[in-house]
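Two complexes, one shared chain (subunit A), two partners (subunit B, subunit C).
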Partner chain A sequence: MAYLNLDKLRKVYPNGTLAVQDMDLEIRQGEFIVFLGPSGCGKTTTLRMLAGLEQVTGGSIVLDGRDITDLAPRERNISMIFQSYAVWPHMTVAENIGYPLKLRKMKKPAIAAKVEHVAQVCGITDYLGRYPSQLSGGQRQRVAVARALAVESKLSLMDEPLSNLDAKLRVSVRTFLKEIHRESGATTIFVTHDQSEAMALADRIVVMNGGQIEQIGSTRDIYNRCDSLFTAQFMGTPPANIKNVALQIVGGRLIAGAEGKAGPVSLDLGRADAAPDIARLAGRGVCLAVRPEIIRIGSRAGINDVTIDIVEPQGAYTILVARILDSEWKVMVEGDPDLEPGLTVPLEVDASRIMLFDPESGRRL
Partner chain B sequence: MRALRRNGFRINPVWVLLPVVAYYAAFWIRPTFRVIQESFTDKAGQLTLGNYIRLLSEPEIRSAFMNTIIFTLGSALVQFVLAFALALWLNKKFKFSNLVLFIALIPMAFPPAAVGILWKTGLYRFGWINSFLSSVGLMDAANPVDWMSFRNLKAAMFLIIVDTWTVLPSVMIILLAGLQNFNKEYEEAGWVFGANKFQTLKDIVFPILRPTIVTAMILRIIAAIQVWLIAVMIFGYNVVPLLVERIAYNIDVITFGEFARKDAYTLSVIVVAIVVISVSFYLRFSGGKADDGGAA
Partner chain C sequence: MSGLKGGLWSRSVFWLVLVTVCLMVLLPILYFLTISFASNYEAYQFPAKILPTLSYRAGIRYNADSDNYTLLLAKGADYEAVKTTSDRMDMSMYFKSQLNVILSESSVADLFSKARQTPGMMETRLRKNFFRNYVIFFILADGTMAALMNSLEAAGWTILISLILGGSTGYILARFRFRGRESFSATLLVVRMFPAVSLSLPLVIYIMKMNLYDTPLSLAIVYAVPNIALTAWITSSIFKGISVELEEAAMIFGATRLRMLMTITFPLAFPAIVASSLYAFLAAWNDSITALIMTNENPTLALLVYRTVGSSTIPNLPAAGAVVLLIPSLVFTFIIKDYIKQLWGGAKI
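After this line comes the complex of A and B, so read on.
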């Protein structure tokens, strides 16, 4: 029996919008789950249904053996970190952390000890007497985390908690949240539209789109073994290069061919026997997805010669933009090689890591 | 020719304020000073407290005090509770909430004279209040209530009802504006972390909205202390004495009475003093630091 079980969970808003469609999900105790998807995919709605802030239209939520589908938020024993942190501005940091404990009828000395403890864990001991308006965004965030930790809830919910922080702080708070989770072991559901947050934090990522789950899996699965074209296009910065092609084996080599504006174009994917899973699909039309980092500059001129259009150095890696299969593709090469726009280079693709999808259904082949 | 200053002015920009200062000196400071001066002098211009002593010993003034206090406390309390409830309801954004808001705002558009007439027509033995009450069976039609005969406390209560009808929208709209700017997540955090609806309202919504509530209530308290026109429009002069009603009475009705002008001046000073004192008391006892709510 799963610790948290969503069964055919459904949300239809009064205006008729179907926000979440019959979502099934099982979560084990202590897991760090990330709901990831573009805006409007239903991830926040699902989180709010778990919190009890949004009424459930259909289906059920069972947490630790108890059906909480229709319970009021305060009866669910959950904690939440809000997008705006929602640290109450009229209370000091200590009062913010202590208020939920007071509501749970804890004795004053016990509250003080608990507040002291979580403040220490979150590194905000020096600010306990301050008001939120006297704190920076990152410090308020820590107060929100401390408040959530203090209640020792059955389920910890986080609604895009990093989105209001600047880029640098976001990475450090991310590490902090991961550390906190490792120590507290709290079952956590984290909502974000930022894939690097999702990949860095999650035990399992739930990719959502249009109110449905696209794929559930580890970061590795979600990134390298996409179930759907949507996931392949959504994940990765830049995302996978996509093209509908006809796959053929010519002289022992895998060739992806397509019709370009000025006649047929093709991409050599390397020796067919190097990627048997791909080779078995030769002879049919597929949707080819190639991540920018599995393309590299080859050693043999004449194979996949392309002209570099744009060079975008990023320090640790460099993104090249070139016309491949008559589409604008991105290629990620390590380091900061000495490349100029207009230069022609041969390319090699690691065929064992390409992904193929059904052009009709968008599902993985 | 003098060179332009760096900011483009030929003269010090402070002088631009001169017209405003002159205006205030002529039309505000001088009359205010004169009124205070008049209240502390007798007809011969001698410094005296006689005006105050005379006024405070008049029974009508004492009852005007009492009525004003009852009216102010009663209307402030009733209007705050009703306006807050209404604002919370309208803030829920239900299907016809904009229409309800529009309808709720209508009484604000009536001038006090119209409000007076509207309610007065209901107060007669055969007025609309009695017909309404008997039609819903709350009153025996053969034995109508003579609302116009109400005096003192009863009349003050009635004035609270009429005043509430008129000014409720103005209180509600300020509170509604505060609620609409209120970050819903503060409230939701309250619910998630174990507070019920009432605790959330009391411990989170009220304190955070405090600056808005204080603004609305100060405006109400000042207006309530100064109430008079509705009382006069409905009951006429001298029926429900109120502090400002007494000023108007001295100026309008017994204009040439021996102490009419002196009384009016002195009462004006008293009313200003009461307004200032009650507002500062209210500010002190509504507690906390006003600048916390707006932050975050």
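After this line comes the complex of A and C, so read on.
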């Protein structure tokens, strides 16, 4: 039995917007789950239904064996960290953290001890007497984290808690959140549309699109074994290169062919026996997804010779832009090799890491 | 301000403007205070005095030919004869009623005998009884304390009714979406356009039926009507400014809706609530017309002032009454001024 179970969860707003459609999800205790998806895909709506802030249109939510679908927010024993932090401006940091404990009818000394403890964990002991207006954004966020931590809730919800922080702080608070999670073991659902945040934090990522779940899986699964074309296109910076091609085996080699503007074009994907999963689909039209980093500069001239159009060095790696299969593809090579636009190089593709999708349905083949 | 750093020219202009504005605000108030301390004689003088006087430079002349005495008061460099009489009592009465100078007949007799011994005019100083107008006011206005209590009670009820009804309307307007919300909030202002009198006349019938006639509560009901709308406007804009997430956070962390309102929303909206109660207080405090219609035996302070001195042709006594009326509202304003400051550009929510 899962710890948290969403069953056919559905939300239609009064204005008719279908925000979440029949969402099924099972979460184990202690998991760090990240909802990832483009803007407007229903992440916040789902979270608000879990918190009890939004009425559920259909389906049910079961938390720790108890149906909480129609309970008031305060009866759910859930904590939440908001994008705007939502720390109460008229209370000191200590009062902010202690307020939920007071509502839980804890004794004063016990509250003080708890506040002291979580403040220590979050590194805000020095600010306990201050008002939120006297804190920086990062410090306020820590207060919000401390407040959520103090209540020891059954489920911890976070709605883009890092998006108001500057880029550097975002990474450090991210690490801090991960540490906190490791120590507290609190079951957490974290919402973001930043994939690097999602991949860094998640035990499992839930990729959402248009109110539906596209895929649930570990970072590795989501990145390398995409269930759908949407996920392949959404994940990765830069995202996977996509092209509708006809797959053939010619002379023991896998060839992806397509119609270019100036006649047929093709890409050699390597020896057929090296990737039997792909070879079995030879002879049909597929949607080919190739991540930029599985293409490398090969040693055998004559196979996939392409001319480099643009070179974008990034320090640790370099992104090349070239016309492949008559489309603009991105290629990621390690380090900062001595390459220049106009140079012609042979390319090799790691066929075992290619992903193929049905051109009609967009599902993985 | 750049003017402070800038040249003498811009600095002078800055101070000139500042001083002018201060004078424009303060002078009328000062003049009003002075009038409230002026005797009848002073109230008729022209040019009027800006600062209140404590005593008169005066002279008494014995007129041997007609065997009477002339009282002269300094006017600029000269003296002006204001009263000629042979009767001590007559003179004493004149002192009291026209000059606010309390001198017994025997003291006047002393003055007269001294004047008789002095050739020409005998100079003297007549000390004014400074608070005489106020004393007269309290003598005339019988039951000031009772009226004060009535006023306070009416103001209290007005604040309570306005806040409860107006505040909850404001909250609903700020937080809930419903059909016709915009037009509803615009309509609220229309209520304010009705003069209080036009409300009180018809309302008086219902008030009588409810057995509330001549009570502070009945007044508060009339005062509250336009104030509910105003309170709804003020508070709704403040409630809108309070992030919904602050309330949601409270509910998630264990608060009931009521608890959330009491511990999060109201404290955050406190400046607006205080400002609204100031408006309500002033509306109740300053009214005399509605009170004239709605009360009989139990007037409010404003009505009492009006009744006592409203028909007076000399401005000094009404001014004293107005100052009496002003003091409680000044006290109230001073108590709450810190919160108002918060509202107009203080702590951000």
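As a working rule, the second predicted complex is superposed on the first by the 365 of 365 C-alpha atoms of A that agree within 3 Å, B and C clash if a C-alpha of one lies under 4 Å from a C-alpha of the other, contacts with A are read in each partner's own complex, and residues count from 1 in each chain.
Just so we're on the same page, contacts are C-beta pairs under 8 Å (C-beta built on N, C-alpha and C of every residue); 3 or more make two chains touch, one makes a residue touch a chain.
Computed from a predicted structure; not experimentally measured.
**Student:** Will subunit C clash with subunit B on subunit A after the two structures are superposed, or do they fit?
**Tutor:** clash
**Student:** Applying the touch criterion given at the start, work out whether A:29 contacts subunit B, subunit C, both or neither, answering first, second, both or neither.
**Tutor:** Neither partner.
**Student:** For A:140, using the defined touch cut-off, is the partner it touches subunit B, subunit C, both, or neither? Pick first, second, both or neither.
**Tutor:** first
**Student:** After superposition on the shared chain, which partner residues are touched by A:196: those of subunit B (first), subunit C (second), both, or neither?
**Tutor:** Touch status of A:196: no partner.
**Student:** Return first, second, both or neither, reflecting whether A:78 touches subunit B, subunit C, both chains, or no partner chain.
**Tutor:** Both partners.
**Student:** With both complexes overlaid on chain A, does A:17 touch subunit B (first), subunit C (second), both or neither?
**Tutor:** neither
**Student:** Just subunit B (first), just subunit C (second), both, or neither: which does A:132 touch?
**Tutor:** first
**Student:** What stretch of subunit C clashes with subunit B when the complexes are fitted on chain A: 22-30, 76-84 or 94-102?
**Tutor:** Comparing the options 22-30, 76-84 or 94-102, the clashing one for subunit C against subunit B is 22-30.
**Student:** By the touch definition above, which subunit A residues appear in both interfaces, subunit B in one complex and subunit C in the other?
**Tutor:** On subunit A, the overlap between the subunit B and subunit C contacts is residues 51-53, 72-74, 78-80, 82, 84, 86-90, 99-100, 103-104, 133, 147, 151.
**Student:** Sort out for me which residues of subunit A touch subunit C in the complex.
**Tutor:** Interface residues on the subunit A side: 51-53, 72-74, 76, 78-80, 82, 84, 86-90, 99-100, 103-104, 133, 147, 151.
**Student:** Show me the residue ranges of subunit A that touch subunit B in the complex, using the header's touch definition.
**Tutor:** Counting only subunit A, the residues touching subunit B are 51-53, 72-74, 78-80, 82-84, 86-90, 99-100, 103-104, 131-133, 140, 147, 151, 157.
**Student:** Across the complex, what residues on subunit B touch subunit A?
**Tutor:** 183, 185-186, 188-196, 199, 203-204, 207-208, 210, 288, 291-296
**Student:** Spell out the part of subunit C that touches subunit A in their complex, as residue ranges.
**Tutor:** Those residues of subunit C that touch subunit A are 243, 245-246, 248-256, 259, 263-264, 267-268, 347-349.
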